[in-house]
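Note that the chains take the letters A, B, C, D and E in the order they are written out, and that residue 1 is the start of every chain.
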């Protein structure tokens, strides 16, 4: 029985109003969590005795890094779904997710290197984790470049789905290859210095920020999907009747 | 109409086309040679430095040489309508694609493997290291052609295809590059390198199994 | 029908075509970025080694990025008959060709120059060296586009053109590479580098004067 | 074996080209698809060849939905479209040899040479297709009609670029095919000078 | 201004296509080049447009040998060949805008739009040419006849792929051009339904 419901929302016509209702909800959650998270990270969390105030960048850096990896998996999930069930919505979801994923990957790179300058004395090192994050960013760019270069929507959906599935198969391979590349040659010149035990408030702040990023992602993706739906189905009856009033 | 006849007949067809102008094969080779030879001009002639970076650079050269031929893998057949006809063939489209990929490897990958000893000598690499380098190339370059075919199929008929293709494919090539160059480096450092070789072989199998099939799907999408 | 209107109208046309899909410009750029980023993966992450070879590698990357777009410089226009129509235009064909070359540089050369600081940071280059590197690129990349156009015109419609083109053009690029990478290297070693810069500027003028004209002749031959 | 098209609709971009097109083609029958430029004739033919998938509706060959057994359908089909599918660098002889292999019906060199001279291309077998004239290219393409034996022909403007003699030769071939139990789906902007057939106006 | 062709011979590979072709075309006259597939019609037209050079013989425009003032000749010439010269990625509107600039006679957007709707392409101005049908592409190409004003038209099989209505429109245009003092050199495998002209059989 519950399957029936799912399929109902897999059609753009019924997903569109649902998404419209969900957006304010998630926007509100995001705003609250962001406020709390930022307050914790800037005022509650104590100054680190080793790293000074600069370490506060962690509250953006870590959640952004998590999100960037997670979003790629979600894209692959939607793509697989699109291939198996042949739903139109999945292509739109994949394309709506990609820019946000790329944005978080970029944010992770930028905040990481901003942090790297005071910590390691250099903006960039060829460390395994940094390199694999960079490659992830390139995978996002590849996806964006491909989908924006194809203007027939059906072909765009399918090509995007193939690319994100191939990419997600490769991600573990890339991840391990980069780790071995980096550690087998020679000792890494600079390695990530992790705080030995993370302070409780710090962890709290990070988790709340991560949740806020989740909320943001959901809200913005729903918004983008609505735009894509409108653009694609502008000619269809339900858009003329319901959506454009 | 069986498996091998289809692969063989497509591969032979593409090789005939490549051989029609003998330059086709020779130039892929010379591109590789020239790219690798540009390096000393760019980074200076210090022999110790050069022999240190040589295996990695040979691998990057091989990768770019493969890449260079990729846009043409399906593009000609697409433009002149042959691909449409191929998809109308009663033979399996996946196998047809596999035949084309094999021809691409024979034209772009194999010559690169065979010329490597010469470059190795230029960069003062020892015999055994050259051997290892060739072994990794034999194992690795087919993966490059196979994965590349997916990219070529996805970007078919898309404007800016050649460059877009590189953008899609180069990140996916990175494991091959790392395992390939890594094996040679590990051998030089006296470490065990069989792990790398097994990994390359595993990639080979994986790609051989999936890439022609995925490319065929992508091509059908492009033809719609 | 004067000089500038012809150049401007052709350059604008080609840029419109490139901008039709915004990816066209971005991908040339990202190809460059990715190629340069492959290097550490091939030769290992030692920062001292990397910062030593970085300027040379940036130059080789720029050269390959330019090269990659060259086959498309005239090929599309040739295949669909536009080139024929352009040669039937009452405007000067040499200027039309110059306009196309300029558009190619704006798409392939300029972005490469502008992204270089970022790569410099990745490879730990100091500010002044990055400045010098950018200066040599600004002076050198137009020569690459100009000379490349001759090669693109000569290989037009020839099968295997893309690879053949590299074969013809790369040797001609070598002086540019040597002067360009040499200037950065000289600066780092504390030597005088103005000589190199003057040589690059001279190449610029020479190429600007002859390349469009020679390319136009080669194109007319290809069209016969 | 018959070709049966039911309730076909086709959309390109945001434009609905045609809706509810149905027809049935039996052996010994042929169908002339007519319509203005851009009416959707080529699109219909490509749908029938299984080259693209319709917005709605179904196409079946011998009672089997064509996506269900695409390779089997393609064994029975010869489709010649606007694009030539000839390799510019190869000679007509080589082109046809390769195509016949791909079709799964390898032809001998003699067979191909005699078909080529049937089309007036004797003496041109060894030139690359690149230097042939527009009409000669089309003649090479049409040689496949004699090399692949299959019941269903789908031809998109096959008369284009042909001179009068070649047009008559082609008419003879088409008539012959239909009278021997073949099926033919064809577009052309000139009226067809053939025994009566189904006309489908888009 | 007249086009005068004297004693022209043309060789392709080792094949002599034609020898000693001479004719003269004055304003108000048109010439129909006929011949079998591969007779050398396209080759002759390309020679006359200055796109390739003959084995022997000369072609002059207004008494001047055309290689002596190629740019001047091209100002007076409109040549439409087998290849379309349209950019697949651009819209008809953009294609024609750019072409008119290259022709040195920039046309306004309004002018182009009205020409396009004259050819029945209203509503298609903003689609990339890639998605247009074969006949619609040719219509876009033929729009140049109305945008570049010049005395000499050289058209290679301009009726290809057109439907009946478009063929009639094109006849009107050609008749009009000739009667207003233009010159026309044209090939076509169909008989031309126009007032009498010179016929040149290759």
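To be clear about the criterion, a contact is a pair of C-beta atoms (placed from the backbone, for glycine too) under 8 Å apart; a residue touches a chain by one contact, two chains touch by 3 or more.
Quantities reported herein were computed from a predicted structural model and do not represent experimental measurements.
Trainee: Show which chains lie in contact with chain C and also with chain E.
Mentor: none
Trainee: For this structure, which two chains share the highest number of contact pairs?
Mentor: Looking across every pairing, the one with the most contacts is B-C.
Trainee: Report, in whole Å, the distance between the mean C-alpha point of chain A and the mean C-alpha point of chain E.
Mentor: Distance between chain centres: 56 Å.
Trainee: Mind checking the centre-to-centre distance between chain D and chain E? Centres are C-alpha means, answer in whole Å.
Mentor: 30
Trainee: Round to the nearest whole Å and give the separation of the Cα centres of chain A and chain C.
Mentor: Going by mean C-alpha positions, chain A sits 35 Å from chain C.
Trainee: How big is the gap, in whole Å, between where the Cα atoms of chain C centre and where those of chain D centre?
Mentor: Here the centre of chain D sits 46 Å away from the centre of chain C.
Trainee: Would you please write down the residue numbers of chain D that are in contact with two or more other chains?
Mentor: 13, 82, 89
Trainee: Quick check: what residues of chain C touch more than one other chain, meaning two or more?
Mentor: In chain C, residues 20-21, 23, 27, 30, 34, 41, 44, 79, 159 touch at least two other chains, as defined above.
Trainee: For chain A, which residues are shared contacts with two or more other chains?
Mentor: Correct list: 138, 141, 145, 149, 152, 178, 181, 185.
Trainee: Under the touch definition given earlier, write down the residues of chain D that touch chain B in their complex.
Mentor: Of all residues in chain D, those touching chain B are 49-53, 71-72, 74-75, 77, 79, 81-90, 94, 98-99, 101-104.
Trainee: Can you list the residues on chain A that touch chain C in the complex?
Mentor: Interface residues on chain A, with respect to chain C: 113, 122-127, 131, 134, 138, 141, 145, 148-149, 178, 181-182, 185-186, 188-189.
Trainee: Taking the complex as given, what residues does chain E use to touch chain D?
Mentor: That would be residues 12-13, 35-39, 41-42, 82, 120, 124, 127, 131-136, 138-139, 157, 160-167, 189-190 of chain E.
Trainee: Considering the complex alone, what residue numbers of chain C touch chain B?
Mentor: Contacts found on chain C: 18, 20-21, 23-24, 27-28, 30-31, 34-35, 38-39, 41-44, 49, 52-53, 55-57, 59-60, 63-64, 68-69, 71-72, 79, 158-160, 162-164, 166-167, 170-171, 174, 177-178, 181, 185.
Trainee: Which of the residues in chain C end up touching chain A in this complex?
Mentor: Those residues of chain C that touch chain A are 21-23, 26-27, 30, 34, 37, 40-41, 44-47, 50, 121-122, 124.
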